[in-house]
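These notes concern the structure reproduced below.
When the chains are written out, they are named A, B, C and D in that same order, and each has its own residue count from 1.
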Amino acid sequence: MIRAGIIGATGYTGYELVQIFERHPEVQVVFATSESYAGKCYAEVYPCPYNQRLIALDQAPLNQVDVVFLCTPHGTSALLAQQVLDAGARCIDLSADFRLRDVAVYEKWYKPHPVPGLLPEAVYGLPEVYASQIAEARLIANPGCYPTGPLLALYPLLQAGIIQDQRLILDAKSGVSGAGAAPSPKTHFVNVHDNLSVYNAGHSHRHVPEIEQELQRFAGRHVRVVFTPHLLPVSRGILTTIYITVDPSVQASDIVALWQKAYAGQPCVHILPAGETATLAHTVYTNRCALSLTSAGAEGEFILVTSIDNLIKGASGQAVQNMNLMFGLNQTLGLIV
Amino acid sequence: MIRAGIIGATGYTGYELVQIFERHPEVQVVFATSESYAGKCYAEVYPCPYNQRLIALDQAPLNQVDVVFLCTPHGTSALLAQQVLDAGARCIDLSADFRLRDVAVYEKWYKPHPVPGLLPEAVYGLPEVYASQIAEARLIANPGCYPTGPLLALYPLLQAGIIQDQRLILDAKSGVSGAGAAPSPKTHFVNVHDNLSVYNAGHSHRHVPEIEQELQRFAGRHVRVVFTPHLLPVSRGILTTIYITVDPSVQASDIVALWQKAYAGQPCVHILPAGETATLAHTVYTNRCALSLTSAGAEGEFILVTSIDNLIKGASGQAVQNMNLMFGLNQTLGLIV
Amino acid sequence: MIRAGIIGATGYTGYELVQIFERHPEVQVVFATSESYAGKCYAEVYPCPYNQRLIALDQAPLNQVDVVFLCTPHGTSALLAQQVLDAGARCIDLSADFRLRDVAVYEKWYKPHPVPGLLPEAVYGLPEVYASQIAEARLIANPGCYPTGPLLALYPLLQAGIIQDQRLILDAKSGVSGAGAAPSPKTHFVNVHDNLSVYNAGHSHRHVPEIEQELQRFAGRHVRVVFTPHLLPVSRGILTTIYITVDPSVQASDIVALWQKAYAGQPCVHILPAGETATLAHTVYTNRCALSLTSAGAEGEFILVTSIDNLIKGASGQAVQNMNLMFGLNQTLGLIV
Amino acid sequence: MIRAGIIGATGYTGYELVQIFERHPEVQVVFATSESYAGKCYAEVYPCPYNQRLIALDQAPLNQVDVVFLCTPHGTSALLAQQVLDAGARCIDLSADFRLRDVAVYEKWYKPHPVPGLLPEAVYGLPEVYASQIAEARLIANPGCYPTGPLLALYPLLQAGIIQDQRLILDAKSGVSGAGAAPSPKTHFVNVHDNLSVYNAGHSHRHVPEIEQELQRFAGRHVRVVFTPHLLPVSRGILTTIYITVDPSVQASDIVALWQKAYAGQPCVHILPAGETATLAHTVYTNRCALSLTSAGAEGEFILVTSIDNLIKGASGQAVQNMNLMFGLNQTLGLIV
């Protein structure tokens, strides 16, 4: 039985973790912390029957757990990760603090890194790409919600060197839970419902450097993205439409073959057959990533569509998938795929 | 041309008024005030092209307008109403401050009334019932969003004395705009979308005394309501399902006949034919109130269903309807019916 | 390992069963039939990765399974149930064919019963009430989606004899999946979205006799319901608001105590603490039924609110709960509670 | 008073026309036809109080009207247009039959054109571009819903010759009313709600040749589009995200200046100030087209976002705008802008 702790357990990713662990046969949640709700039980915070009592962070017995999930904001997470590791537990950080390998890039997009010394050992937790490093890691940087789908769509293609674009257009659409549980005009029902809006378009969203970092590792060359996040009137799910150009000799079947080879035996990647297109419904409430391919109407031009559930494969489900790998379990244990 | 002012113009009822006045041929908006957005133009607050510049309340030229709409909270409205009347303008208050004729009832549900001396002259602004008083009024208490539909459904029936219930069950369902524009957990998209919840059920919602006051006036006897508001995952609209018992000799056609007689020539009341039931779609984005009747399965038992748009017939549209009556215009001028 | 078959596997209840069995550790789906999609695999019908091949009904090896789930329409189910039992398997029927114990009532609301001889042995599959009979049953009549919540809310109260009403008002609100997967004007997105409508109100919905039958068994006396189903703009979930009158000496805490006693140890019933009200969010995507209680504002008058997921606790989840009981398993195995 | 007829009045565009004409001061609807609902009144078809009686097409007095709106499918419209013109009325066709100037292109995307002889005199009804021709026209080809926004966004830029792309990516998102009122799996609530899907992506949607035709006229050169329509879980509205490359010396302010010059005095085009982005909420329920501009993160790279209401500026509102121009009225008469 893996003994787990959750810090920051009353945000959406914390709630999702608690729900997953309710049905995970090998995890016992030893503690869950919340600054706002310490002393309350979980059922008083979310519409559920869970009796888990929330405690304050300083009461958390870090030395009595095997792994800690950090559902805390960037900046805060890095300091906590150090404490967790010092206490002898492994750490899965759902914030951005360890995703960017280059501290200078981190500091350009965020602020001074509180614990830069930990960056070198952090492993980027994309299981379909980095499984062996994840298995050995003490510290996992769980990917952002937006990057996961596009990275899985593009990884085999960039590795194979077939993509010609220097600049990739990613037109992304996300549900509102991606904006977090804090009330704001942006998350007010009346502003979102029946609406569609664009925010942080171009090269300004903080997931841009994370996406570019990984794409460049896959490709071994410079790649730039144009990234346009849209806010959808749904609670969950991200669908990303990606426009690529390849050598005109490359056929759709070649691309699908690359996907199939890269993800053979991977239970969380669902490659759709020709003629079908990924939708949110393919993945919400599961830990799947769906991939599909369509011709853009000219030789060598294709449209990739990929979807995930932003809270599961885009956050807490992927964190559990990482944990499963770290502890030698079947990677989908406790997950719906 | 009627010169109008709007105080508190950046809440939902203020925005709705501004939209109506954009197409009202006989109204010029002389000023619109906002404490939060003074100095900005309307297009910076809502997704619209309106150039109207918002001003601070203390800059509002009350003596240069014919009528002022108060879209301010209860407590605040009463004091402003006095100022408006003192400046020589007529006043339509969309808050609760002048809806309850009995100051003791007001003070039980709210707090001490700031200007109780104005209560006697306030007219309850339900045009289909009180048109002649409205025409003469200086001060209108615009009805609450929840009361409007049930009052119109029950008015002719209580007047005719056919309803036997001492206690009426009103099962009401409202869209989220009824909760106002302020962000809160209650209005967070993720909490409302795909959900349905009950709040202030029984006898605890502040619209209860307003409904009971009017029902008792219509009936000339004591009437109690059990009122269960539900929050719907829609932005606009209220549908109320009402359970009544009448003398077994009363037929459905008798009830419809009472409605037809009471609302003959009333452009904003839409009485559905037998076999059809009012839906939100019958009324949203219009100033209509839809009424329908269904047998509850036994003689003398009926279900009334009524719907309105909470921001139009339930607030700003009804306010404009009142204004039209006050200034001798066609009561639907500028309104969609 | 329980060998299961699903007949009519491509409606919503069939799809939900397939999803549940994907994570149920003790069930193997031996066959799934579909008239429309025979020959296709499941992933071609629903947005999922399941490879289960659909077969025509006449190819179904009824004698190779332990249990068959009938997701077929009333009228059809009864005949199939006979075949299933003849082949030696147990049968869980999700249609209405065996819910009404009195064939005359069935024939009043439906049409002549195809296999009336099976009615006496059918067990009404409400596990929290009839667990011991379910465990022994060959043939289960799985409850309708609307009855489940109100029956669980009212069962302990009627058994205790505290409810005074001869006539109970049930104001019910359901998501669209309750209307089935067949396209129609009623299920067209534009007609449902942003709308709320009433249908089959009063005493005309086919779940009325089922509700009344069970309430009368609980109470040991005649009980009539006024039942008003509303169609909500959500995909899943039913919330029912019930108005009851009890002896004025009965307190809220007495009612909650009755619930707690009746459902002690029942993992699928979630009784909310005083002051909280059941919402759809308490139960969707789970096999829970939530119960809550509010004062209606006068002594002895209460409002019960109950919610379930119509496809899970209201259909396929409850069917699996019944199956678990029939085969001696933990009743929530494979279910999310 | 303009005497108007509507053929095919019970689809969504017909209903929208009827709603607009309810408040248009200069139009009298002389007839409205429907094959399915002939003999019924409008209130029996849609949730509204309109008493307009629907008639069969062969009863329509074409010679008693000044203008006929064809809300009929392509193929059917062309033949009706000929009859309308022969009867002496002017004709506004909302189908695709007269949008493509080159009959060969039409026949590639549709089928043989029934009345190719009328093509030369048809005017493409985009009022902000072709106002003078529209004013004189007997026959208007009302634009498709998808083309309107992108054409208005790109027209001044292509005319000025600043766009360098040979291939323009248009990532479009539409509400469900664009799919029409006929029930189908594609429009079933459960399939659309909480979902986002892509259809006819690349170069396969029938609005592609229409968009390319007009872009090429604006640019005076070959332009290809990659067009990816997404189906949004909303009833109304289209938002299109367009990726363009211009000479690096061109600044955002230059582009806005081109828009402002082209659309000076145009009441239906809403150019957003720098820093704001068009949303559906800017335009739904109005005849506006919103335009906004964002940097794509590199010199010379921009993202245009444009939104309209697909049933108003994308169909019936634009048709009325065309009619107003044809009859010498203010182009926004009866429209909400």
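By definition in this document, contacts are C-beta pairs under 8 Å (C-beta built on N, C-alpha and C of every residue); 3 or more make two chains touch, one makes a residue touch a chain.
Every value quoted in this text rests on a predicted model; they were computed, and no experiment measured them.
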| item | value |
| --- | --- |
| Given chain B and chain C, the chains that contact each of them | A, D |
| Longest centre-to-centre distance from chain D, chain (CA-based) | C |
| Distance between chain centroids, defined by C-alpha means - chain A, chain D (Å) | 39 |
| Interchain centroid distance [CA atoms averaged], chain A/chain C, Å | 36 |
| Centroid distance [mean C-alpha coordinates] between chain B and chain A, Å | 46 |
| Sites on chain D at which at least two other chains make contact | 194, 233-235, 279, 281 |
| Parts of chain B lying in touch with chain C, wherever the complex brings them together | 167, 169, 171, 173, 191, 194-199, 201-204, 208, 224, 226, 228, 230, 232-237, 239, 241, 243, 277-281, 284, 294-298, 301, 303, 305, 307 |
| Chain A residues within the chain C interface of the complex | 22-23, 47-49, 194, 270, 279, 281-282, 285, 288, 336-337 |
| Interface residues, chain B side, partner chain A - complex | 12, 176-177, 181, 183-185, 187-190, 192-194, 233-235 |
